[in-house]
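Going in written order, the chains are labelled A, B, C and D, and every chain counts its residues from 1.
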Amino acid sequence: MEYQQILEEIHEEVKPFIERGKVADYIPKLAAVPKNKFGMAVQTLDGKLFTIGDAHEHFSIQSISKAYTLTLALQFAGEEALWKRVGREPSGNPFNSLVQLEYENGIPRNPFINAGALVLVDVILSHSKDAGQTILNFVRERSDNPDINFDMEVAASEKSTGFRNAALANFLKSYGNLHNNVEDVLDTYFLQCSLHMNCIDLARSFLVLANHGLSPWSGKQIVTKSQAKRINSLMLTCGTYDAVGDFAYRVGLPGKSGIGGGIAAFIPGRLCVTVWSPGLNSNGNSLAGTLALELFTTKTGMSIF
Amino acid sequence: MEYQQILEEIHEEVKPFIERGKVADYIPKLAAVPKNKFGMAVQTLDGKLFTIGDAHEHFSIQSISKAYTLTLALQFAGEEALWKRVGREPSGNPFNSLVQLEYENGIPRNPFINAGALVLVDVILSHSKDAGQTILNFVRERSDNPDINFDMEVAASEKSTGFRNAALANFLKSYGNLHNNVEDVLDTYFLQCSLHMNCIDLARSFLVLANHGLSPWSGKQIVTKSQAKRINSLMLTCGTYDAVGDFAYRVGLPGKSGIGGGIAAFIPGRLCVTVWSPGLNSNGNSLAGTLALELFTTKTGMSIF
Amino acid sequence: MEYQQILEEIHEEVKPFIERGKVADYIPKLAAVPKNKFGMAVQTLDGKLFTIGDAHEHFSIQSISKAYTLTLALQFAGEEALWKRVGREPSGNPFNSLVQLEYENGIPRNPFINAGALVLVDVILSHSKDAGQTILNFVRERSDNPDINFDMEVAASEKSTGFRNAALANFLKSYGNLHNNVEDVLDTYFLQCSLHMNCIDLARSFLVLANHGLSPWSGKQIVTKSQAKRINSLMLTCGTYDAVGDFAYRVGLPGKSGIGGGIAAFIPGRLCVTVWSPGLNSNGNSLAGTLALELFTTKTGMSIF
Amino acid sequence: MEYQQILEEIHEEVKPFIERGKVADYIPKLAAVPKNKFGMAVQTLDGKLFTIGDAHEHFSIQSISKAYTLTLALQFAGEEALWKRVGREPSGNPFNSLVQLEYENGIPRNPFINAGALVLVDVILSHSKDAGQTILNFVRERSDNPDINFDMEVAASEKSTGFRNAALANFLKSYGNLHNNVEDVLDTYFLQCSLHMNCIDLARSFLVLANHGLSPWSGKQIVTKSQAKRINSLMLTCGTYDAVGDFAYRVGLPGKSGIGGGIAAFIPGRLCVTVWSPGLNSNGNSLAGTLALELFTTKTGMSIF
């Protein structure tokens, strides 16, 4: 079956679920996103693109950005140094990560929980004059799209209500696991979360990980084959909040979700598949989006397992 | 490169690490296993077997058996009923699972922590007159080896010192998540952990999961393709105690480890690779065994990611 | 104002609250206790007794018995040895004590949580041929009432449903903090909890603690003045489950409560005041009973603070 | 025996312990306090003052100040409103209070843990133009000493390293349990902790609580008799960090300790006794100070139990 036809079938089948989730409402601009959105894109390694629904519409990618900053931080700090400051185990905790941080003396359990992502930002700040611009350039290059930007209004909103992230950052600082100023780390973190992209940008940007580290756009080896494999395994074991087991069970692909309703997933050696639908399930992942990815693997028979 | 040659290289390279770990010593018969053992087996889907070192020597497979009882419990109870009684998220907790059980009202986080495995046994007991024999028959069939047996001495030893498992079982019972008698559940559990097998048996028995549920020995579909995929994803996200992230990062394969020093892993569509070396690392996984599997994926370039 | 008049006023004022709580229903015999019961007794050090309501009616004293076994265990093991096996800090945890036990490596936080009380029983078993009889004799002597008995039906019921206590005992055993057989410890523990007494018995039995360790009945010094002071301080800081702060704030007296709805409290140097009403508040303490004690301290102006 | 003679005996007996503890060293000015200091003061309700050692020397009272702000916050907010925002149970947790905060949704367990004290400050800020001055005036009045002041150098030092308190404040804010600006709350909190007083000031200031709420200096009823009783009970059940059970067991008096090595305790209706020695035990309470108070109750035979 053709990918386009599969996307059309999926769109039909998820329709009853699109408005069922709960849209994130902790900042006004996220709360204002219409609940009835659904977009999906498939970008194959051999250069074909398939889309459905609102795949061209931009949204706030939020935590999906952590997969970019992980790659950057690995490049800047190197594996050995980075894994001394962040773990790589699933958080597995229904309770918030502050508890975990405390038990583990200020070492976040993995780079995809907020505390871990703050350490990634801290690493980038230590190696780059303008960390925000560095992140932006990296994402533009990976998507081969120079028009990608932050949404400064979202970043400002996040900052004005981001007390929990401020708590995490101060806590990390108290353990000596932030080397830069708490406020600078937070500012950069809120910037990165505000990245404004669509399903197509996302699918193009993750192709490098599906392609063992080699960018199909620039032909550059962004990370080594071994590093790509390792980042991918982290996305599978830690990429979807407290639902990694459920996501792996149902979808069976490495992926990264964001509270804006986006999910990026991929099948190494084959393709990237991205989805966006702002209604979230109780785990904070897109409800219709997770279902769409589950249907995609079922219909294509593709799986890493 | 040939698998045989790869196994030989690995054997050479792990030699300095074989005696570095700590052998489990909570029961005399495990403590008595010589630390210098190392065996490895590769069983391909196209029927070839490669071995090195002590691959023919029998050992106590312990928690690896949970992958068998999960398959059995899924067959008996069905997915829907089973996942109401056990979760499928990584435990992610440096602390013991009793804590987790309490937070989650008697629902073990996944089928591979001890509490979860006790629930699996309870399901089997509810559907089978002689649960021990049912498990044994299943393993014999999957390995195509009618000589596999329990080690009754190990089972008796486990029972006489198994106060922590008795605590877990009573705790589950207090939440109504054991339907059978506490003592019967414990007896069957200790039996299952005492399964006495070698690397070759293990490799042959897991081929069914690498083969999308179809037994290469009997030609029977043991579990559906979808179920096989799901069991495999659980092995990746939950199969190696509190080190699933580390194991996925370094090895990148679905696998299941046991405190006797065995590990079974596989590459779907390709092969099973098993290893045994009784010295454990701080996560309770075979130290030389984990290293050997990491070398295997590096040398073969095989990975699911 | 006379104590008798105060008791009558209190009885009037708590009437609207007597049936508001929830009667413990985990065993049939406790569930069968009528909710409308309320009794109270005041026993002064100078030998006067005042009662109201159902003060003569017998009930299951449950955890109040832990104050007796603490005294016995202190006599048998001595302070130094006992406090190596049990802490003396409030549990302060909304979650069950299994969590706490695990964090603190098998040392219960105080002698009044179930795990701590199991250790007390273990101490008594190690120093006494018939631990049940030893406890019974001690209580009879302290109340100066040879007719006090266990309720064997309650003890048997507790045993048949006591999986959580069995979990705790096995857990303590796994840490080496029970020296006797798990089943013997549990049997004795369930016996002690089944002590069948009335408000008058209770008030008489605690007079020794209000009297700095000297029994007013036998004239014997049961514990030293210093030990009495220390047991009393433990009753204040740890005697009323997770509500010690609330109880101290509202009542301001050392006391010990039981899930049967009884509470024993006292003012050192003055008197004992006991109350029974089976409806419990959300902390597991008698709802009308706690209120009655709060009124008693308000009306008499007596407080240790 | 005379109090003066008792103080002299205690001084002799604690000498070998004075330099054993560990002086707080997280800010330079505390770290610079000589370890060999020991002072003690007894202020009786009938107006007599007894001192020994360095009782006239000023030190940083740190957390002892929380007993003042509790009284102020109770006056400003009233009991009902205050206890909705702060609990009154012992923290009982060896782990830091962030964990507890998270489990209890932003309601600190009691007013004496740092999170609780931040809420007290927030209440004072909401009811007072200059919260720092309000606190200072209150302490000066209670001690009848207009010369008491903050140590601005200590306050500034605390602020520059106070990342953990900043984490707590942001966390409370994220739960809506701070109504004022995070930075204002922190600034006032660090001010209050820097109160610079001696044993005599402290003993005089706590006399009001030993005197059922009536200030012996001004003749004013600062808090009602019932409120005094309740504050006192909180000091006993929550006033000495994670060692309330141990402190109550050994000393048996309501008290409040600070990381600067000071402890204020009192016997309702009788006297205040204060002590200062900067070496701390593993619970963060003055080592020689706790011992001195234990000796004081033993030698005088005074106890509330």
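Keep in mind that, in the parts below, a residue touches a chain if its C-beta (ideal position, glycine included) is under 8 Å from a C-beta of that chain, and two chains touch if they have at least 3 such contacts.
These figures come from a predicted structure and were not determined experimentally.
Graph distance from chain A to chain D, where chains that touch are one step apart, equals 1. Path length between chain A and chain C in the touching-chain graph (shortest route): 2. With centres computed as the average of Cα coordinates, no chain lies farther from chain B than D. Mean C-alpha positions place chain B and chain D at a centre distance of 55 Å.
With centres defined as mean CA coordinates, chain B is found 32 Å away from chain A. Rounded to whole angstrom, the centroid-to-centroid distance between chain B and chain C, based on C-alpha atoms, equals 47 Å.
Among the residues of chain D, those in touch with two or more other chains are 95, 103.
Chains touching one another form the pairs A-B, A-D, B-C, C-D. Contact residues of chain A toward chain D in the complex are 95-96, 98-99, 101-103, 163-164, 166-171, 173-174, 182.
On chain C, the positions that touch chain D within their shared complex are 87-95, 103-104, 109-110, 226, 228-230, 232-234, 236-238, 242-246, 248-249, 252, 254, 268, 298, 303-305.
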